[in-house]
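First chain written, first letter: the chains are A, B and C, and each begins at residue 1.
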Amino acid sequence: MSFRNLIDFSDIPAKEWEEMCTLAADMKIHPHRYVSACAGKVLATLFYEPSTRTQLSFQTAMFRLGGSVIGFSDPNSSSVSKGETLRDTIKIVSTYADVVAMRNPVEGAAFAASLYCRVPLINAGDGGHLHPTQTMTDMYTIREEKGGCDGLSIGMCGDLLNGRTVHSLSKALSPHFGNTYYLISTDKLKMPGYATEMLSANGGKIIECRSLDECIALLDVLYMTRIQRERFSSESDYRSQAGIFVLDNEKLKKAKDDLIILHPLPKVDEISYEVDDDPRSKYFEQAENALYLRMALILTLTEKFPDRLPVKGEKYIFSGERYCKNPVCISNHEKYLPKIVKQKNERKYCGYCDRDV
Amino acid sequence: MSFRNLIDFSDIPAKEWEEMCTLAADMKIHPHRYVSACAGKVLATLFYEPSTRTQLSFQTAMFRLGGSVIGFSDPNSSSVSKGETLRDTIKIVSTYADVVAMRNPVEGAAFAASLYCRVPLINAGDGGHLHPTQTMTDMYTIREEKGGCDGLSIGMCGDLLNGRTVHSLSKALSPHFGNTYYLISTDKLKMPGYATEMLSANGGKIIECRSLDECIALLDVLYMTRIQRERFSSESDYRSQAGIFVLDNEKLKKAKDDLIILHPLPKVDEISYEVDDDPRSKYFEQAENALYLRMALILTLTEKFPDRLPVKGEKYIFSGERYCKNPVCISNHEKYLPKIVKQKNERKYCGYCDRDV
Amino acid sequence: MSFRNLIDFSDIPAKEWEEMCTLAADMKIHPHRYVSACAGKVLATLFYEPSTRTQLSFQTAMFRLGGSVIGFSDPNSSSVSKGETLRDTIKIVSTYADVVAMRNPVEGAAFAASLYCRVPLINAGDGGHLHPTQTMTDMYTIREEKGGCDGLSIGMCGDLLNGRTVHSLSKALSPHFGNTYYLISTDKLKMPGYATEMLSANGGKIIECRSLDECIALLDVLYMTRIQRERFSSESDYRSQAGIFVLDNEKLKKAKDDLIILHPLPKVDEISYEVDDDPRSKYFEQAENALYLRMALILTLTEKFPDRLPVKGEKYIFSGERYCKNPVCISNHEKYLPKIVKQKNERKYCGYCDRDV
């Protein structure tokens, strides 16, 4: 395994991703083979904002591997409320645990924490930024159901502007070939430019739609997300438009027999109850896959990196300079963090939150 | 085992109840025999309202069987707060867990959840409706201490109108013979008609009392519950009456030597501290029995139903009709639920909350 | 082991403390020897006020011994909120668990609970009173780094008036010989008389300082604690003085090469970030030691006292008399508690909170 921390899905080289998928598939079929694979190991789930679903999934993954779980789910009950730095918290917790899964509302928090973490760290969501284990699940489910992620017609529906999961998925799909992307959203909530660029990077075709009806007949994959009521300019605007993005049996009549419907869950009103029983809906299978992928990830990381790093001696030094303009970037919240600027072609961006500087 | 889900104590056929009591008794004497009986299995404790005692007891039960526990104890930190349906939550959680224990403030919630649960579900209390594992404990303790539940003089004291535990106990005692029931309460807080009907169904004699002193000398079993201060019409009313229903050493002087005193706990003022050390008080033993019965229940259900049901294909279909007048019935909270009306003799009642329709 | 409950560090006889240190040191080197030492055992962590760090540490300790953990971290979700007595809670929980670790904001609560606890009880902090497992860590770290706790120059810096940890440490250091204590604080926050008396009991020399610079060059051990902003009489007072008590690389230039810097953590501003990487800072090692000492304590207590005490028959009887003037003493909160007055020479003090009566 070439990566110690999983901050972004793109941290996983293609070959290792193949191996992890194979491992997850084996865990799904032969769970009993792994019941003591992590015996004696401890996972810390540090949830600075509550996310019951994700936390239960990580906990179950560790329990099914025979390990134990410590952690918190409430920012107010943590030492953070006493003013402790993320750095100190992560140093101590990674002295107790063998692997850490962290969710934090601040962008770049997982990467920042990984600089000081003595054991492998998994990003379980850092604000609106990244959520790589969700992306693993999405990619794995497409792959399992469709035999691969190339040459497909893929719809993404809902709030494409603010949706973290669709941005991560776009990045993950970027290296794949021959796909056509149907981006189904309102004008105000359409996919941001950097994400469409990623989708079209390897010749992906982009088609923007204003309703599900326009394109549903053409799709191999439909990735649904929620449009929050408060994103619309007015209540009447919401009422008039919301139904266009709700998936129901009526709309599904036009869809292919081998369409697969995905959703990161939890869902609210965007998919009618009746669709749950349609054989094409795969979101519950997707949630189940998440479990096996997290098991595979935890097992792989703890096996490859069994030794705790020393608590002292980070190479990154605090510069004192404020350089990132993103107010929800961790570099503006934890003041000891070193300045990290990355460059790709012309573009310079913050090493924590990936925003241009 | 003929039941997959335990919603109500009456779900357990008499013969299987005997077997479960035998198993619990063996667990009490030989706990070491069971230390890995549920190894590799996961219990989910979904507590939509906090109940530390019950949750700790379920957790301990699973740990003593060698299993693991996931769950939440705070409705606000669950995905519910994001608007997810109970149906979706239970589908996902039962994909992670091998058995579910759920507490919910809404009546009928456990039964509603069981319609979609892929693994056995245990009702750990649904509002003022049912709490079958408490009733198991009550029945087991009477049986163990008295050799059976027939031919006894049984007092029930406190708020008999609103007390969930005494109603459940009345239903459980209903098939037994030759009992005399002393119902000790205020006029305003007396046992509702449907409960006294159950007690008298098999020839049980009902005697209503207005104080403990009236009947304590006659009792074989005294089941104490709390009268909440706010149930009285005024503070002066409370002060003048409350003492009548408080058990202390003075009142106990008149009681039989082999009386047993039960209480579902937690208790507040209704039993004097001094009574705790009286050999006749059995409420701590009762709480201990709860542990072994929950162990027996978890082990039995996970052994008999090791396979997860498919996530799709419930047979119950949403009708759209609102038919139950109970505002705290789950059928009025989760709108996709099918209409379920049951009938017994002349009576038609809601399949979720058991109220007449 | 001569003590069943650990309420105060002084409960541990010197010889048994040696043994526990040896055991903890072995656990640090050979953790794999202990992975199933507590298999099948249950630790209850009853945290009536949140303290994530301490709770995670206790949980990890039990998991690394192969045991399980139940408990709560939020007073509002416990049965306490229903008005249950500490006595009832502890009786029930100690029926479920094999060892209890309790934190409570009320002084003397751990001792009070131990009167009714059926299994060994560990005080994980009772208000501003005692926190013996922290003191174990402090003493162990000094011992391990310095070969013993005698003949040293020991600085204690920060809020010495209100700091629970420095008071406990003073008591623990009291029997040791040949030490010089540098008490570094403001005039208003200096060490209380009873604590300096303990330090000087065996000939310890006391030197009061008003800044770190005065004495840092002389120290073998520097125990840092926080001065809370609100302890200063004004914001300007805070700004002018706070820096005097902040440890940074500049001040450390004058210190000995073999100084060790300790801190109970979490820290906020009182130690500059840069100091973390100085080889003399030992607070992270100290936090790690806490884990092994808690493992050693849990294992020792559960091995020596495997049998649950009977739930009935406390020898202490409620007297009804209010005798302690400390409003945050548990004897003034739980009214059934017996009066316990202890005497040492001329001094009479409360058996719960140790305040003079």
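Here are a few things to note about the model shown:
Criterion: a residue touches a chain if its C-beta (ideal position, glycine included) is under 8 Å from a C-beta of that chain, and two chains touch if they have at least 3 such contacts.
Small disclaimer: the values here were computed from a predicted structure and weren't measured.
As for how the two copies subunit B and subunit C face one another, under half of their interface residue numbers coincide.
With angles rounded to a multiple of 5, the C-alpha fit of subunit A against subunit C returns 120 degrees of rotation.
Computed from the mean C-alpha positions, the centre of subunit B lies at a distance of 41 Å from the centre of subunit C. Subunit C has residues 74 in contact with two or more other chains.
Every residue of subunit C that touches subunit B in the complex is listed here, in rising order: 39-40, 42, 44, 68, 70-72, 74, 76-79, 82-85, 87-89, 91-93, 95-97, 311-314, 318, 336. Note for the complex: subunit B touches subunit C at residues 32, 35, 50, 52-53, 56-57, 59-60, 63-64, 66, 73-74, 265-268, 273, 276-277, 279, 284-285, 287-288, 291.
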